[in-house]
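Letters A, B, C, D and E mark the chains in the order given here, with residues in each chain numbered from 1 onward.
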């Protein structure tokens, strides 16, 4: 690809729990708090629904960054879901780091339904981080690259 | 002489003057209030309005004790003292010379003088 | 006959790689496998057996067949290109050379596997006699002479280097193309010494000539219902180590992969040891590990001889070395067919 | 073969202004499986829904994608529409191209591209949607109200009047709450007690209402329609049935050194006490941390004095379990701690008080009998300074970012009442802004200025210190005159920020109700569902949801009650069919899922399954769909992928991922 | 010690305590004993227990404990952890099992003996601390110490966590070896790009034979998601380098908190990929983040990934610790 880095737009997948973060994203929207269109949100009932498989799959299919947002610890709609998600993601991210995948490609942020500002700020910051890293090559599946 | 802009003051001080909700707690807390021609809360307002010239010529900038009472009490984290400091720095930069040098310091020292005063004087009078 | 010294060998490999793809044993972190030559690779002609066999050269573990893309609701099919360029498979041991014969029986018989046929046509095999056979070698059981490679070019380890002999036209042509690096020499005597050496060692190895008289064409009824299978397969994990290291296993599956902008259809090795092997809609493939285990050995030792008149084991010994639980074809042959080395 | 219909909403210009809706429809029509795509002004309107219905009939659609606003907004609308027009409601997916696209992006090209991708993801998902059947669950026709202040009382009364049973759990000895501490109420200056106590009595007497005072919610289980709540009835040491409320015990109790919470510590109370004279129930409690007998085993005066023999020192906490169909949170507020505001000297000077303390001083039933004096020496004050916004509108770590909403009005009220009683008083109010939205509010405030001569000064107090003469020295700024004021005062009243009552976070997590960073409970929708928590069956009443005054609280209490009545009047609730499901063929029986299930919805037993062609009896998981709430924790804990979540299945989410990343 | 085990097994078979014996059968060489089930006293004459009996038999008990009658199984110290873990996950019927705990002095790795230059090995004899190796090319000796499996160098100690009886040669007091996490730490100390290059090199050799998975006592799923078309993740080979990573990350993650670090995955890998490092990394992380945890130490505790505390570390710890 002959794109230079300034034109390059990262693909970001955001998994948001239905009760807090997805609502936070909606609030960011109704408050018109902009963040780049590179982020696409997938709604899941709870952060604990997110299987590490989904995250790897996103990278395989061409994502450059994956972010998981859930309710603040203690505020989970299902009381304990995000605690499990927290352990799962901590161990997974540590493993990705161990395999040499850039740490800044993955992120977890707790965003409540009232935190539209935080949602938008989080996305802006995350995209910036991923932009600095450039395209994902360490976890890519070359078959999925469009020529 | 180059004019100093409000943006420069905001940049030097790191203060977002829009955060001010005009409560006046800074001026209410200021121990040097009576000495000042332009008061701490006005500093914020002046910068917000881009009116820097009067600030540069204000005697308040040398009257501020940098005691940071205004910073401490401001409910919105606006930090008026930093704005005053920024104006002061801008004035000194324009003046372009050092008023107080380290060599002059020893004879000014006196046993009871708090260290902080020394530092603050040095900040204030040295470029 | 030519000689090539140890010093010249890297240059020779480089020279071949300049004009052709070169597939040869390469050491990666202490483990040697066949791979394509790259400037910075570590060729390894000393290791007797690569972990995976040379079969990847003609029948790779996975290969694209064609891709389907959609645009505006229309489908476009683009076929993968056939191999159209000569390439060299270097340092193949005599057992692996024989494995190509087994594969040919499968893939070149009607209907011809065009992907395989194209590779076979363009592949030039340079074989290397087995300098130091190992205890797990039993190629002689299948009348393979580890000292006498039957390829386009044969090589032997000799003092200070290798002897090189072109055996076919393809081999001749290859020899011509790199003649500058070969040294014309009368090394027949050294080669003969090497051959004797190899044969002597083979004669003292425990498995070199197993008795396979209990197997072969027409033995299905004798063996299929043997109670032995249960015992032999008891520890089998159902992994694919034996099949994937085997030079003659030829089973494959065809799978689709959704790349996001189309579907690529590829084929990849499959293993009869897997519980989903040949699973299709009816859902009644082989259900137990015993059945799967039996299938693998019956296929190599009975069904293939039934159909093609030859065993489809070449006695390379890879499965003997690599089975995680030390189950292998040698144990099967010995237990079901008597223990003697003939 | 799937036949998907795509419907792109303009939402007026909300979407259409930044997203090329026509192009979205056209592009999505080319997706495999999509047989119909169109755009329309307002998809959610009757006409828009009919478009969907027509397409379902004409094109025999098997799945519907609506590209519109957030599914949190209209998912239900479109599901109902689909059902009405003959397809399963769970074959509908929403692509959120408003909140998460058109409203946050300015560049039309970019927003359109994104809308297409979001639409594609929804198409990919809907292809794998399965028709789901919602089940039903019974409704327990009883409500629980947590908190017995005006909000809780009003909610309970309204629900009870509709004929449903209501329990009120109140953690203090009496219902009444914050309002019972107030003197008069703005803007009409009614006496708080006069309007509250009748309601308290009514609540106590109502046959449908059960009061659990001196009690706390211990544990909450279950779900909407069928909550199981453990209530801890703290040991009162006084038998509720025997006590006549004569008050003799309190008078005779020798231990009277405990700060009186009801009077905000302005005086002391006995160890056995009722918080105030009109308490309901009018049965005292023994403070076990203060009672000499309970601490040392010596004393027993109250037991001796009690003619009814109601004292029982052996009483223990009791846990009772009750079932409810709905729960209302009405936990109220408290004033913030002023430890971080040393400049006002609240902790060091007795004459610096909060406005709630002033209420107690002004109240005829208060510690001074309604006579406002300087707490330090009991003298009459001559000058009183009010400081507004103490800890409110404060973005530093010291205070709260929000406006406490009630301070401007009660300060005006207090100033006026003081002037009424003590016309000679000199009253100064330091304010930042005076906020008086509300019926007759501004008029009320202007009366304080115009009729009562209260001195309102635009500016803030920087420091309150003690003058040498024992009065208070107030240093402040007057922003309009641009002068610094140094004045002496006798009493400084701080309009202290309010915050949700302590412990509300614990309650919220028991209820799994969402809560914001300030500990206010979050409403399901700020405008459309202001009295409901996002958690089904949990409703909000009063200040626990956000600062509000009494009329607003009462209004919200009524609204919450009507929502509860609506819920309780149903015999059955429709349950969410998006529950976990175990494919028993692949279940290992390892119990990982059972361990992470917060609802105990997964059980294991030996079952016969057909596995790879053979029958076997083995330990496998089963999901109780009535208990499962669909969080999906089990699906990730399951290593074999046997556990999946309907409506958010592994394949559906992976399909979305694929569609987004391609 | 082999004779003792055979005698006990025969006795238990004879008195009807057990219906079958799960142990190791002599191979056709000294170094290829295989796990086997013995049902008669005569067949037990082929039973062997020596330095080459490295296989962990606990996973076979999933199958065997479902059979009629008790199964006698011989478990080495590290195998007992796997066994316990399987009990915890309800995969093994403990009541149908009779365990004789056998001692272990480190199991031998024939590949190490070969790597020392021994070709065409005809026999290997253990004589105390020395191995006597007879090959077609001559005889050699090597220190036993140098030929033990990597996993045995970081032995968890001689303690058996579950058994019915102890063999006489068991040393329950044998201490655990130090430095179990040294290799992990070494990798952690590298730069990310070096780590990436390292794993690329290692994982690129993966032939996806599934030996690591199929031998793993924790990977005992009825059907692995990588075999299951319902999961959209089934693969038969690694068609791209991503799939190598995917398979091994998910496999390690699925067994995280359940893996006892028995080391079978690395033992069986035909390509010598140090797969145990992935598992051990998870163990080391779990120990660091959630407190020391040894899977299989007991049969009741909750595995770290099906458990939590309200003040667990945040995922950002991965970034913060540098």
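Remarks
Heads up, the rule we're going with is that contacts are C-beta pairs under 8 Å (C-beta built on N, C-alpha and C of every residue); 3 or more make two chains touch, one makes a residue touch a chain.
Keep in mind that this is a model prediction, so the values were computed, not measured.
Between the contact lists of subunit A and subunit D, the overlap consists of C, E. Least step count on the touch graph, subunit B to subunit D: 1. Among all pairs of chains, A-D has the largest number of C-beta pairs in contact. Chain centre most remote from that of subunit D: C (centre = mean of CA atoms). Averaging the CA coordinates per chain and comparing them to the mean over all protein CA atoms picks out A as nearest.
Chain centres here are means of the Cα atoms, and by that rule the chain farthest away from subunit B is C. Taking each chain's centre as the average of its CA atoms, subunit B and subunit C sit 83 Å apart.
Separating the CA-averaged centres of subunit C and subunit E is a span of 30 Å. Centroids built from CA atoms put subunit C at 45 Å from subunit A.
Per-chain Cα centroids separate subunit C from subunit D by 71 Å.
Residues of subunit D found to touch two or more other chains are 596, 637, 650, 654, 658, 661-662.
Across the assembly, subunit E contributes residues 225, 231, 233, 239, 305-307 that each touch 2 or more other chains. Residue positions of subunit A with contacts to 2 or more other chains are 52-53, 57, 61-62, 74, 80, 84, 88, 141, 143-144. Touching pairs of chains, sorted by label, consist of A-C, A-D, A-E, B-D, C-D, C-E, D-E. Of all residues in subunit D, only 30, 32, 612-614, 658, 661-662 touch subunit C in the complex they form.
For subunit A in complex with subunit E, the touching residues are 52-53, 56-57, 59-60, 73-74, 80, 83-84, 86-104, 106-108, 138-143. Partner subunit C is touched in their complex by these residues of subunit E: 27-29, 32-37, 55, 60, 115, 119-122, 135-137, 201-202, 204-205, 207-211, 213-215, 227, 236-239, 264, 267-268, 270-272. Those residues of subunit A whose C-beta lies close enough to touch subunit D in the complex are 11, 13, 18-20, 22-23, 25-30, 32-35, 37, 40-46, 48-54, 57-58, 61-63, 71, 74-81, 84, 88, 112-115, 120, 144. Within the complex formed with subunit A, the residues of subunit E that make contact are 184, 187-188, 192-199, 225, 231, 233, 239-243, 245-246, 249-250, 252-253, 256, 278, 281-282, 285-286, 289-290, 304-310, 312-319.
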